[in-house]
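The following blocks contain the structures, represented as structure tokens.
You will see two complexes here that share chain A, one where it goes with chain B and one where it goes with chain C.
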Partner chain A sequence: MPLTNNTLNYTLHLADNALILGQRNGEWCAHGPILEQDIAITNITLDLIGQARNFYQNAAACLHESGDPTASEDSLAYLRTEREFKNLLICELPNGDWAQTILRQFFFSTFQLLLFEKMKHSNNEPLVAIAEKSIKETQYHVKWSSEWVIRLGDGTTESHSRITKAVDTLWMYTGEFFIPASYEMIDVASLKNEWMNKVKEVFDEATLTLPENVFMQTGGKNGAHTEHMGFILSELQYLQRVFPGAEW
Partner chain B sequence: MNTLNKNKDHIYSILQEVCDPEVPVLTILDLGIVRDIQFHEEEVEIIITPTYSGCPAMDAISVDIKLKLIEHGFKKVKVSYILSPAWTTDWMSEEGKKKLQVYGIAPPKKSTNDTRLHKMLFEEETHIECPQCHSINTKLLSQFGSTACKALYQCNDCKEPFDYFKCH
Partner chain C sequence: MNIQIRKFYYGDIPEETAGGPITNVSSDEKAWPLWEVFIRSKQGLDHKHVGSLHAADASMAIENARDVYTRRQEGVSIWVVESKFIHASDPADAESLYEPAADKIYRHPTFYDLPDAVKHM
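Then we have the complex of A and B:
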């Protein structure tokens, strides 16, 4: 398939989603509520970083073909600026408490699974391969995060109030999943109904209510980020910025 | 060695010595991650597939393959990755599964295609055999274990916790 800017931008968008959410989840390492769940969230992080690497390698290959031999997965992750990142806003938001982290993972993984299922049948060979590979892992993420949403929602008064607060905080960032950017190669708008159905199914079980008529935040897909983005990049990129090319 | 030895069986027998750094009883052939061997003039190319997207063992395995082949006289070795078709635990050899069991890790059951997408929440894979006492009265402690490819189980009879190499 010939390189178009759309292919490149779309691949970067997918890579940035996985990298930035992976970086956020990684903050839980050694801070999880119990050992098993600390390991679970960091295992999910590892899968996301792996996906990000696959997408960045593909983006770098696109750039090589178009005459930029210096591009690499590392340069794309470590040397782009805030406005060049195309991840969804929801990925960059601070973790909040465990409930907020879990709920974001649930929203994101449920979306990712639907997206990858569709991408698997697209005509872009590298993206098909990455989707096929990632689906297997994402299924585990969906199952794990759904169970936690139910456990917290249908748990104690405290856990219910925390996850309800998380719904209020995060819901306004879910609209962006389904509002396509100009470069998107998969029709994300068409995934909305199924996503809502899946979320509702879990929310019903968790005794949670779907919010209605909420203003939806957008911008991440086109590089207009929240104030949190600069901070996450400074932590992520510090070493490569200060010691270019450092390896260990 | 002046000319490249283009015997695939010979190379497979060398690769049989390369082990998974995280589960050292398994060779990379047991794992089923070696997908092809190709020859280009002076170079031999080993094509492998990752088990999990983020598996940190892949880089180590790639270096080990190169070192092992160089040790056996190959001068130019390239390791490349292929993602599709995606690796599945069904590609693990029967011998590999036996080795896992002896090592104390319950081997993966046969994967049930993609129906897991619709698997019920809170549903566990049951009848996972305890590698210590062989009881099937076991329970899931955590879907995510010491590495991405394993889940943590416990035996209800001998009480021993153990890793289960989960279906993928």
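Then we have the complex of A and C:
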């Protein structure tokens, strides 16, 4: 397949989303509210890191074809700078409390599922294959996170106030899902209605209200990140930066 | 409401240590109930007890079991049952319940000599 810059950038965008959210969720490892949920969130983390690897390997293969033999999944994850990362802002936000982490996962996984279902019917073979594999994982992420949103929203006064606060914090980062970047090969704007319907359905059951007229943050897709991004990368990339080429 | 949970242990554990301490769990506490998990490793086999976990309700118990007990492809089907609904025999009764069977070897089919004429047994 001929390499276009769009294919490469789009693959990196998908990889960065999965890697950065995986890195964030990984911070819960050994800190989950109970053992069972600690394992649940880290399982999801591993699914995301697995997806990131698939996308990075595909991106590296694209780069090989275009004459860059040094590119690898590791070099793409560990040796790019903040402005080169194209992940959505919502992926890099701090975890906050359990409610905020759950809600972010619900927003993101619901979007990712719609995206992968569309990608499955695209004409880019490697992306079709990755989408097919990832859909099964993502269906579970949506199920797990939506049940938690309902549980917290329709739970105690404390859990309701926490998830409400999470909605206030995160909503302004949901608009970016549907504002296409120049390199995007899938029409993300067309996913918005279905995403809103799913979120509304879960919010209704969780006795939560959809915010209205919120200014939406953007920039991540084109490398303009929040102040949190540098800290994630310094932790993620430290080892390869200090000991280049270090291996297990 | 107070729920009294007593966990019993079986097998190689000596009798004096069998039967865990009685813990009183008040429903005011934030603890979730305990569930026993049964996994079927493949089609056609029985569900086997694999362990227990905490969960707020049955669907959460199944998801927790999926995450805790099937992450290395251990199973194709999960049953969960709240631990308080399991009734167990008392280890103190073990002598009267199980030992009388020890000298009744005629209950095993191998005790009987089959006539040569009987085929396919």
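The rule is simple: the second predicted complex is superposed on the first by the 248 of 248 C-alpha atoms of A that agree within 3 Å, B and C clash if a C-alpha of one lies under 4 Å from a C-alpha of the other, contacts with A are read in each partner's own complex, and residues count from 1 in each chain.
We take it that contacts are C-beta pairs under 8 Å (C-beta built on N, C-alpha and C of every residue); 3 or more make two chains touch, one makes a residue touch a chain.
Bear in mind that the values here come from a model prediction, so they are computed numbers and not experimental data.
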| item | value |
| --- | --- |
| Partner chain(s) touched by A:Asp47 [first = chain B, second = chain C, both, neither] | first |
| Contacts of A:Trp144 with chain B and chain C, given as first, second, both or neither | both |
| Chain B and chain C contact sites that coincide on chain A, given as residue numbers | 36-37, 39-40, 43, 143-144, 147 |
| Chain C-facing residues of chain A, complex | 34-37, 39-40, 43, 143-144, 147, 151 |
| Contacting residues of chain A [partner chain B, same complex] | 36-37, 39-40, 43-44, 46-51, 53-54, 113, 128-130, 132-137, 139-140, 143-144, 146-147, 150, 202, 205 |
| Chain A-touching residues of chain B, taken from the complex the two chains share | 50, 52-56, 82-87, 114, 116-117, 119, 121-122, 141-146, 148, 152, 168 |
| Residue ranges of chain C touching chain A (in the complex, touch as defined) | 32, 53-56, 59-60, 63-64, 67-68, 71 |
